Amino acid sequence: MVASHTIVNEQLETVTSTYAQALNAALSQEMRRDARVTLIGEDIGIGGVYTVTQGLHDEFGEHRVIDTPISEAGFVGIAAGAAVAGLRPVVELMFADFALVAADQLLNQIPKLQLLSAGRYDLPITIRTQQGISGGGGPQHSQSLESLFAHVPGFAVALPYSAADAKGLLTSAIRMNEPTIVIEHKALYFRRGEVPVGDYAVPFGQAAVLRHGTDVTLVAYSQAVGWCLQAAEFLAERYGISAEVIDLRTIVPLDIESVVTSVRSTNAVVVVQEAGGMASIASEIIAQLHEKCWSDLLTPARRVCGLDIPVPYSRPLERYWLPSVQDVVDAAREAVESK
Amino acid sequence: MMHRIRSFESHCERLFRDAKIDGAMHLCAGQEAVAVGVCSVMTDADALSFTYRSHGWALARGISPVSLFAECMGRRSGVSKGRGGSKHIGDWSRRILPSNAIVAAGVPLAAGVALATKSLGEPGISVVAFGDGAVNQGVLHETMTMAALWQLPVLFVCENNQYAELTPTMVMQPVARIADRAAASGIPAVRCDGMDVEAVRSAAREACARIRADGGPVFLEAETYRYSGHMTGDPQKYRTTEEVDRWRTRDAIARLEDRLVEAGVPHGALSEVRESETTAVEAAAIQAALEETPEPAEIWESAPSWSRATR
Amino acid sequence: MVASHTIVNEQLETVTSTYAQALNAALSQEMRRDARVTLIGEDIGIGGVYTVTQGLHDEFGEHRVIDTPISEAGFVGIAAGAAVAGLRPVVELMFADFALVAADQLLNQIPKLQLLSAGRYDLPITIRTQQGISGGGGPQHSQSLESLFAHVPGFAVALPYSAADAKGLLTSAIRMNEPTIVIEHKALYFRRGEVPVGDYAVPFGQAAVLRHGTDVTLVAYSQAVGWCLQAAEFLAERYGISAEVIDLRTIVPLDIESVVTSVRSTNAVVVVQEAGGMASIASEIIAQLHEKCWSDLLTPARRVCGLDIPVPYSRPLERYWLPSVQDVVDAAREAVESK
Amino acid sequence: MMHRIRSFESHCERLFRDAKIDGAMHLCAGQEAVAVGVCSVMTDADALSFTYRSHGWALARGISPVSLFAECMGRRSGVSKGRGGSKHIGDWSRRILPSNAIVAAGVPLAAGVALATKSLGEPGISVVAFGDGAVNQGVLHETMTMAALWQLPVLFVCENNQYAELTPTMVMQPVARIADRAAASGIPAVRCDGMDVEAVRSAAREACARIRADGGPVFLEAETYRYSGHMTGDPQKYRTTEEVDRWRTRDAIARLEDRLVEAGVPHGALSEVRESETTAVEAAAIQAALEETPEPAEIWESAPSWSRATR
């Protein structure tokens, strides 16, 4: 894994920590800052399966860190009701796959509750979950489902790649007065990066240019950003191709302007995502660039995505299912060469 | 109040026929005693959530007929600014959650309000009404479990009106009494005659007192009946008019009036109430029809700030 | 509403019937043909809310037309298990919105069950549901959710527009040995069309050209096809613009080739869908055309979609939310004029 | 058979440590008696569904150790051709549904098999195993309701192993006994000692006989214990080793052996069984490790015909 290129304000004091620790810091800071911030989820009292909530039960007690039965639909709904009535719940869905068990609350209820309030209440609920492949999860523990939350309107959706963004985006999410979902990646939890200490909020809707380049733009979010950074390194060293890497950080709102700006100068783009391509964020980005960069693109936008079939368990199959750094490199070369 | 609801519902039928009201409308005529009885023991601190069969609860909890009519007609002055319509009535200034059009989905939302109330050390309980059909929805079971585990102040009110849409309730219940199912969550349950406002009131009073004292939830089943179809336009092939008539002999309004007369209230006073409610509802319907509908651009008002304003 | 232009084989005997009747005919014919075809859903015994199952309980009895409690997750799962074990269940989800209550079974279970079978069983389950706006349904009874079923791989997805296709696609769906979903439109149920009598199957994955044209291609499915036909009529009469109208009929599989063929000759395209545009089928189609029609498109592909916010109740707002025939006309003119 | 499972599980731990097995693995050592006892009364016509904690049930139902190991190692010869791994073990040629990694989601699938069986007039019942944690999932409640309404031949087996992941079972149960919750669906329930294979066997025998005779469902709760962590890598901070040791004194294998010895079976015969199972499992692990993994292109084999073979 290449080093994190996240551009953190130089002035901020930072500490090296894992993505999981960065999330933990965001939670504990926000819980100290606002007594209404309340965690709800399965096995979070003991620290959570990925250690993100470690220590919080000890510090804040069982009324702020609420362990639930295995009843996702029920506790997501309870959290939403609590958000109407003055709490600021942060719900952990252990795997994004389990969001489907609570899909009615997540997609029929929460996104509609403010429309129906006639402006009489805020809805400061944050869903935290994690997704993606990290090896052998099988078809029900490996999915990337962000496109569902983007398609059905109602949530602001963040997918942090760097540890710093994990902290900063989760902090913003908790402070927002509308429903937010922070989709973490299970393969990133124990990756380290420089994370600002203290108060640190990264606004939703602002992509980050992690590497400047002139020949082709690589656009991604979440773990796919890592592939792009590796690909960019490789493209530069091996082929002398200069790739710009953009981490979208949030897909709702989608900072298409930053991508457009980049494509205006590179004239070529590859969109990379772990999820299958069909009717996805990658499709959306390309559809928007098709219009907004009509005369800037000198070659069609490419996409590098997961396959549009369920994720199999066996390693060689899983590896084939996943987009690879090589796929990104190939797509970028093709794009550059056909300009 | 029961008059107000009854008269509101009959007006709605008329307005729907005249195409002044859109979508599907679910009327509650026959069931008035449940909403009125329960709401009569609620305090201002209490929260309420109900279903698409919303009018009775909304009126009983103090939403004005004119803002309710206006909502049903999609007017800007509607209680939800026309965003929800008849199925989605709420008013958080009265701690009423938007009513829900997904069967049973409002139940966890209401329990969540109870969780917040408890967490924040505020007074008040949550009352959530749902139908007999909702009892088969898993999320109700999940919510009852958590309400019991966490001892949330929730009154679960099951309005057993004998039908879930077009299907007789008991065809879809594996046990003889719905209230008995609450035992699986360790929640105390009571039943009452939902065609008798005083019976509902006293059962609800006792249940609420228990919740306020112990903190934990109570389940209340009210046996009642809807006189209208499931929704406007329902041909009601699943029941006979004789059955409806049989239930009408237990009519909550008539029974209350009989009792009041027995207790010495003059007939005249009763018909005065009835007429004044009818007149007021009529006036409200007329006024609501005069209100403005929202302008298209107002659609963005209730949307999150980041929503893109393009197709 | 314009007359149906569905091109039905001239040789077939047809009868005028509504979309609902056409669906009913498909169900009853398939139930007669194969005793394993079993209907499962809420209030279907009495005929269903939209009359699609009328008469079937009388003809086939309660073991073939099974009324369920209000337990979507449970009965969808039961139907899937029954499909493994030899039935051919056709499940009615009264509103597509309710699919979200059963999303775990629909998206985590059914699409993965064949992967996990190692080829040992077929999975002939058909989900029938209806969606969209027909006036005053509000945010929980008006959604168009086909993109979710397209994004998460596993279902073949049909969205018939014409009454004939309603019959033909449902028939094919029931005969297929993989999971299928037929998404009907509530505004189409009582629309009439010519429907072939007797055995009639329309294969999945074959778009239909409903109107030939030379200036611009209008692509749609479900009720949006009607808007396109109206727009084409109007474009021809008022502006002398010749629009080709393609009804995709199924979105999985997606017959992009037919669209490409058309765009090769018209050099301009408008994609129309009722659902919000974000990360949707419309995005996907444009992303694919961007690549496949790179040099054929003389102007960017346009899309005309619903808004990316929940559907409000009040008529003027709902009308504004919906794409209109005028929107299609405007987009087509713009496209043609900027070629 | 219990030996086979125990020995399989300890092998798995080793293989996982050696990174021969991917993902998370959920072992069932301690719980063997439940799977073995229940499967011992099943006929070939019966269907079975269980969870990610799959190995015990798979072996007890006749899947060979080598094809199970091969599956866990992602080999082409695995029982699901390497597609599912340890969490997703199924073999429809034995009427075993793929085991489920979504808590409680396999329950309606199993009930669906029972519906088909009944509809098609075939013999056989469906047995579905799930954990104590699954009891709080709404879909279980929904399925039990339908199984009762439709009198489906389903044996619901709740393996109460005292923990749901990292949480003690009873912390999340609103009633003292899980089996009591079945009454809400009108399903007869029994409990048995899940650390005693004969107790499980006789309870299951009786339950199955009842299902076969009456057609309707029965709920069986087996009290048991898992000796390993929830999954490989679990640090088990939520319990003490003393607690584990206390349960080990009730070990099902030891108790059965004691009883057999008392009944006159020579010690030698028992250790022979034990050794032959251990050797066979060892051999199976070695053989499985030699099997081939699938080629990438084989990924399309299990996909629907219309899947697009592009990114």
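Brief remarks on what is shown
Letters A, B, C and D mark the chains in the order given here, with residues in each chain numbered from 1 onward.
Note that in this section contacts are C-beta pairs under 8 Å (C-beta built on N, C-alpha and C of every residue); 3 or more make two chains touch, one makes a residue touch a chain.
Since this is a predicted model, take the numbers as computed values, not measurements.
Using the average of C-alpha coordinates as each chain's centre, D ends up farthest from chain C.
The distance from the centre of chain A to the centre of chain B, each centre being the mean of the chain's C-alpha atoms, comes to 40 Å.
In terms of their C-alpha centroids, the spacing between chain B and chain C amounts to 35 Å.
Counting partner chains per residue, chain C has residues 68-69, 71, 73-74, 97, 101, 104, 108, 112, 115-116, 139-140, 153-154, 252, 277-278, 303, 308-309, 312 touching two or more of them. Of all residues in chain B, those that touch two or more other chains are 81, 83-84, 88, 100, 102, 105, 136-139, 142, 145, 149, 172, 302-303, 307-308.
A complete topology is adopted by the chain contact network, contact being made between every pair of chains. The residues of chain D lying in touch with chain C in their complex are 47, 79-81, 83-84, 88, 90-93, 97-98, 100, 102, 105, 107-117, 119-120, 122, 126, 138-139, 142-143, 145-146, 149-150, 301-308.
Here chain C touches chain A in the complex through residues 97, 100-101, 103-104, 106-108, 111-112, 115-116, 139-140, 143, 145, 147-148, 150-154, 252, 275-284, 286-287, 290-291, 294, 300-303, 308-310, 312, going by the rule given at the top. Those residues of chain B lying in contact with chain C across their complex are 21-24, 74-76, 78, 81-85, 87-88, 100-105, 133-134, 136-138, 164-167, 171-172, 237-238, 293-296, 298-300, 302-303, 307-308, 311.
Against chain D, the residues of chain C that register as touching in their complex are 36, 38, 63, 66, 68-69, 71, 73-87, 104-105, 108-109, 112-121, 153-154, 156, 178-179, 204-205, 252-253.
For chain D in complex with chain B, the touching residues are 136-142, 144-145, 148-149, 172, 174-175, 180-187.
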